[in-house]
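Look for chain A in each of the two complexes below; its partner is chain B in the first and chain C in the second.
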Partner chain A sequence: MSEKIPIGEKVLMKGNEAIGEAAVQAGCRAFFGYPITPQNELTAYMSKRMLEEGRVFIQSESEIAAINMCFGAATVGERSMTSSSSPGISLKQEGISYMASAELPVFYVNVNRGGPGLGNISPAQSDYFQATRGGGHGDYRVIAFGPSDVQELYDFTMLGFDLADKYRNPAMILADGILGQMMEPLVLKPYEPIPDLPSKQPWRLGDPSTPDALLITSLILNPGGMEERNFMLQKKYETIIENETRYEEVMTDDADVVIVAYGTASRIARSVMETAREEGIKVGLFRPITIWPYPYDPLNKLADRVKNMLVVEMSLGQMWEDVRLAVEGKARVHLHARTAGGVPVQTEIIRDLKKVLASKDGEIVRNF
Partner chain B sequence: MTQRIRCAGFGGQGIVLMGRLIAHAAMVEDKHTTFFPQYGAAMRGGTANCSVIVSDGAIASPMVEEPDVVLIMNGPSLDKFEPTVKPGGWIFYNTSLIDREVERNDVNVVKIAANDVAEEVGTSRAANMVMLGAFSKKLGTLDLDTLMGSLDVQLYGKGDNVMEMNREAMRRGAALVE
Partner chain C sequence: MGTTQMKQVFGMPEAMKAEGRFYCPGCGHGIVHRLVSELVDEFGVRERTVGIAPVGCSVFADLYWNFDVVSAAHGRAPAVATGITRANPNVVCVSYQGDGDLAAIGTAETIHAANRGESFVTVFVNNAIYGMTGGQMAPTTLIGQKSTTCQLGRDPAIMGYPIRVCELLQTLGGVAFLARGVVDSPKNVLTVKKYLKKAFQYAIDKKGYTLVEIVSPCPTNWGMTPPEAMDWLQNNMLDYFKPGVYRDIGEEATVEVEPGN
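Let's turn to the complex of A and B:
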């Protein structure tokens, strides 16, 4: 460990850099990446820190190369990661799908920028569908965190590596340009692995001349074989849903309306909640911490007593779909959505909250 | 107490450093703080700005829509951010490079000849430190000594001469508003 890194202390760090340090502490042995704004500070940080630690840093020739280098690292049982922003993460999807199928762990980070297409470099949450529905081809899921501050970027990077190993599945953080670029104090907690990490890595390639020999592949052509693997994967995802769904509820007990928001949008929502309550509007906040697995059941329970929810997101109704799925028609789900650099503004959200409270049965308030 | 601050000027004036120093000093003083830079394609001579929040309590949103304080280092930034300041807020601006008056009459105005004072200590590059010194002395948001301590961390590795020039620029900035 570098003497310059004051583990255990409070420091001021950029979100992108905090992810990098957490990965170093969590034993990431190799970082493979290709530059793109707004995640560049992460790649830059790793280019220095990984070498200080005598580990591997490769600026790959492309995003596709980087994710396939992660595939290679996983097959020899080493922790590795990659990171990018939206268009770059799209390029990695083939490799992520292969790893999900082959049950190989990898941790990766998407510092979401404006899209679709090459888009722009502004903050957005518009890769929500991609993060929560697997992202590439085939029936698979990745564990996806939606952190809301720099401390959580650090903490969930460490946890992400552990859960990827525990479930032999890709795990990721969906951040955005604001979280990546902002600085705030965080405590550099020492890495403590989760208690139930596999003691050895059954996915690690062994000596082919011994019984440890292993074939890692995502190509299964024998009749029924691929479907069988899919059913096995689904069973694993059910375990992940049961064990790893994370969320936070703030002042929902007496709320007339609850804002549902994650990541940066949830920070803005928290400000809104505080201001609105000063004005006498009883607002609560429901914050998904994992966006897959999604906290459908807790939201469903909340909808038994809260009949109006306002989704605030930096994508045009992507998470809105999940909240509507969750509440099964028991509550009206309204939408305040901005994207591609449009960041929700407090006063405009409060305006919509008032519209929600004045709305009639069956009416849905939307800002666009 | 929550203070929302925007630092703005042209690329190369050390705008981001100003913000980082405020945020770091706030952390050292056990306050809550967030720092958010305008990011992306930038060039020396182009515009740059960053937002910093300093608070006694937890900070929800890091975004600054209506700053309590703006520290303005060049003309285009005054044009852009003068209208955004909260009524009753503060505009500190660099009269070495801006030759107009502030038009609003519902805000407090502090004029600082930042470049001129910085040249007196040896380099106009320390104009940002003059501004920081004036800001911290006038509003008492942060202790000048804490800011100087943060300077040692944020400019780690710079020569003693450079560090002393920056410290002296801060002191002189503070003296302007005493």
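Let's turn to the complex of A and C:
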């Protein structure tokens, strides 16, 4: 079957399936998942592709079981993956926290839907806090990508596996139903691991080449031991911040106002920018690509020149908080937010951009 | 001066660490840990064995076992064991769990691992109480038995009935071996070892899910001396948790893991 996958070529694919194929190409050994809309295409795709490749696919009894199966696979040094949507990702937080603490790699995908609670199956970005603040209990972080097209879903899946292995830390993609379900052309790039991926041989369990008894645990009871591990993890997070922060700036040089948006919201922002510029409004776009680590410093620098920013997000001010943190009061940060299936509309954003440009010192424009 | 030939007749298994001294006097966990270590040696699989320490008193199993150990989240050991053995089928995996871990918070993981016929050894220590957290009611606490969260005794009208795990799992298609033993005498300890040996053999041969339940004392949280605890176990637990083999598909057979089986 793999011959039928035209690696290296441009194809048309659904976002969810592009993630799946990237995982297969990146050597994902086991996929564990539980059905939930709007990520079902991914589980279905993996159920077929993994078995074709002679690898492991299990439809688990719950999301809790799925992430703990990933935990198991990670302890023996194999690449594994799980995916879900918001309520299921909440259940996975137990396992993710354990893996962050035990320094086990895993790659997972949240195809975000409307919340809180059972919410709805419409697109949203309302799991931003969960994705960027760790998500479960304890002091930890996960590497989180906020891709904005199908190509990026593919590319960052491969990179996600690599970075998870490199830093021995969970890595994830925060997508939404629009990205997951839309068809778009992409190039099925062959998998090329990042340089210097460390070997797992020294720490993986059940490997006869390391006969000494090894222990993987997130339990440290000796006085000071757990705090010490936390400080060690923080050091690692600082390295990740230094090396892995990714963002894109578009036409910010002459901008009077910059839209800050990621994922689906940034696609809309991009077309807003083009239309608004035709109307003579000088708009730029700042797009975080990693939402953790967040590009605080570049945004802070941008705020030296640009005094008005409009955050466009599909959550009610979650990323707005990060932008305000980033600019440290040097710019006014306005908000255009929709959620739970409410998708930002171009004309309404342009209306708010005009309000921003007409606003007085100290005034904050918000759409709700 | 003549020399006397000394022959060692009893010693520490290679798969056991000397420093394991954690459990209370009269606790069953230490005996069961040792049986696991002896079998790891006997099967010659120490270097490819992964033990799972659960959440419960036996979270400290790594202090006893001289092979690789991972500590799982509470109740999730069967899912972790599934991930381990599916991702690397060469690994011999022992999922060691208490009654709270296996039959309360981890019930779903247990039933579904059993139903899928996952090939790892489940060692299930049933001491009818939550040991580590200080003696709360367990899913296996007997009717009338007192604990810190059923101080007047377990009342089934409010708290339900003690769960018999072997009987519960008996109907599932993926199960290859189920047995219940008790660590109350040298003879019965040897029977437990015999059960565990079969479970190891089936797990190594990928024959399906195996579980050995071990009725075991927790003198500390039963509020008894070790001899009293053993008496109480024999006079109360064994009537309800009857020792014996509950399923054995036989050496030749392999479980058919099919829905509806």
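Throughout what follows, the second predicted complex is superposed on the first by the 355 of 368 C-alpha atoms of A that agree within 3 Å, B and C clash if a C-alpha of one lies under 4 Å from a C-alpha of the other, contacts with A are read in each partner's own complex, and residues count from 1 in each chain.
Please note the rule applied: a residue touches a chain if its C-beta (ideal position, glycine included) is under 8 Å from a C-beta of that chain, and two chains touch if they have at least 3 such contacts.
Please read these numbers as outputs of a predicted model, since none were measured by experiment.
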**Asked** Thinking of the overlay built on chain A, is A:S60 touched by chain B (first), by chain C (second), by both, or by neither?
**Response** second
**Request:** Could you say whether A:A23 touches chain B, chain C, both of them, or neither, answering first, second, both or neither?
**Result:** neither
**Contacts of A:V343 with chain B and chain C, given as first, second, both or neither** = first
**Message:** According to the stated criteria, A:T75 is in contact with first (chain B), second (chain C), both, or neither; which is it?
**Reply:** second
**Item:** Touching partner for A:L353 - first (chain B), second (chain C), both, neither
**Value:** neither
**Request:** Scan A:P185 for contacts with chain B and chain C and give back first, second, both or neither.
**Result:** first
**Item:** chain A residues touched by each partner, larger count belonging to chain B or chain C
**Value:** C
**Request:** State whether A:G95 touches chain B only (first), chain C only (second), both chains, or neither.
**Result:** second
**Item:** chain B versus chain C as contact partner of A:L174, first or second or both or neither
**Value:** neither
**Request:** Report the residues of chain A in contact with chain C in the complex, numbered from low to high.
**Result:** 29-30, 32, 56, 58, 60-62, 64-66, 68-78, 80, 94-95, 98, 102, 205-208, 211, 213-219
**Contact footprint of chain A on chain B as seen in their complex** = 20, 23-24, 27, 32-37, 39-41, 59-63, 65
**Item:** Residue numbers on chain A that touch chain B, as the complex places them
**Value:** 10, 12, 37-38, 121, 177-178, 181-185, 267-271, 274, 343, 345-347
**Request:** In the complex, go through chain C and note every residue touching chain A.
**Result:** 17, 46-50, 53, 59, 62, 65-73, 76, 79-88, 90-93, 108-109, 111-112, 116
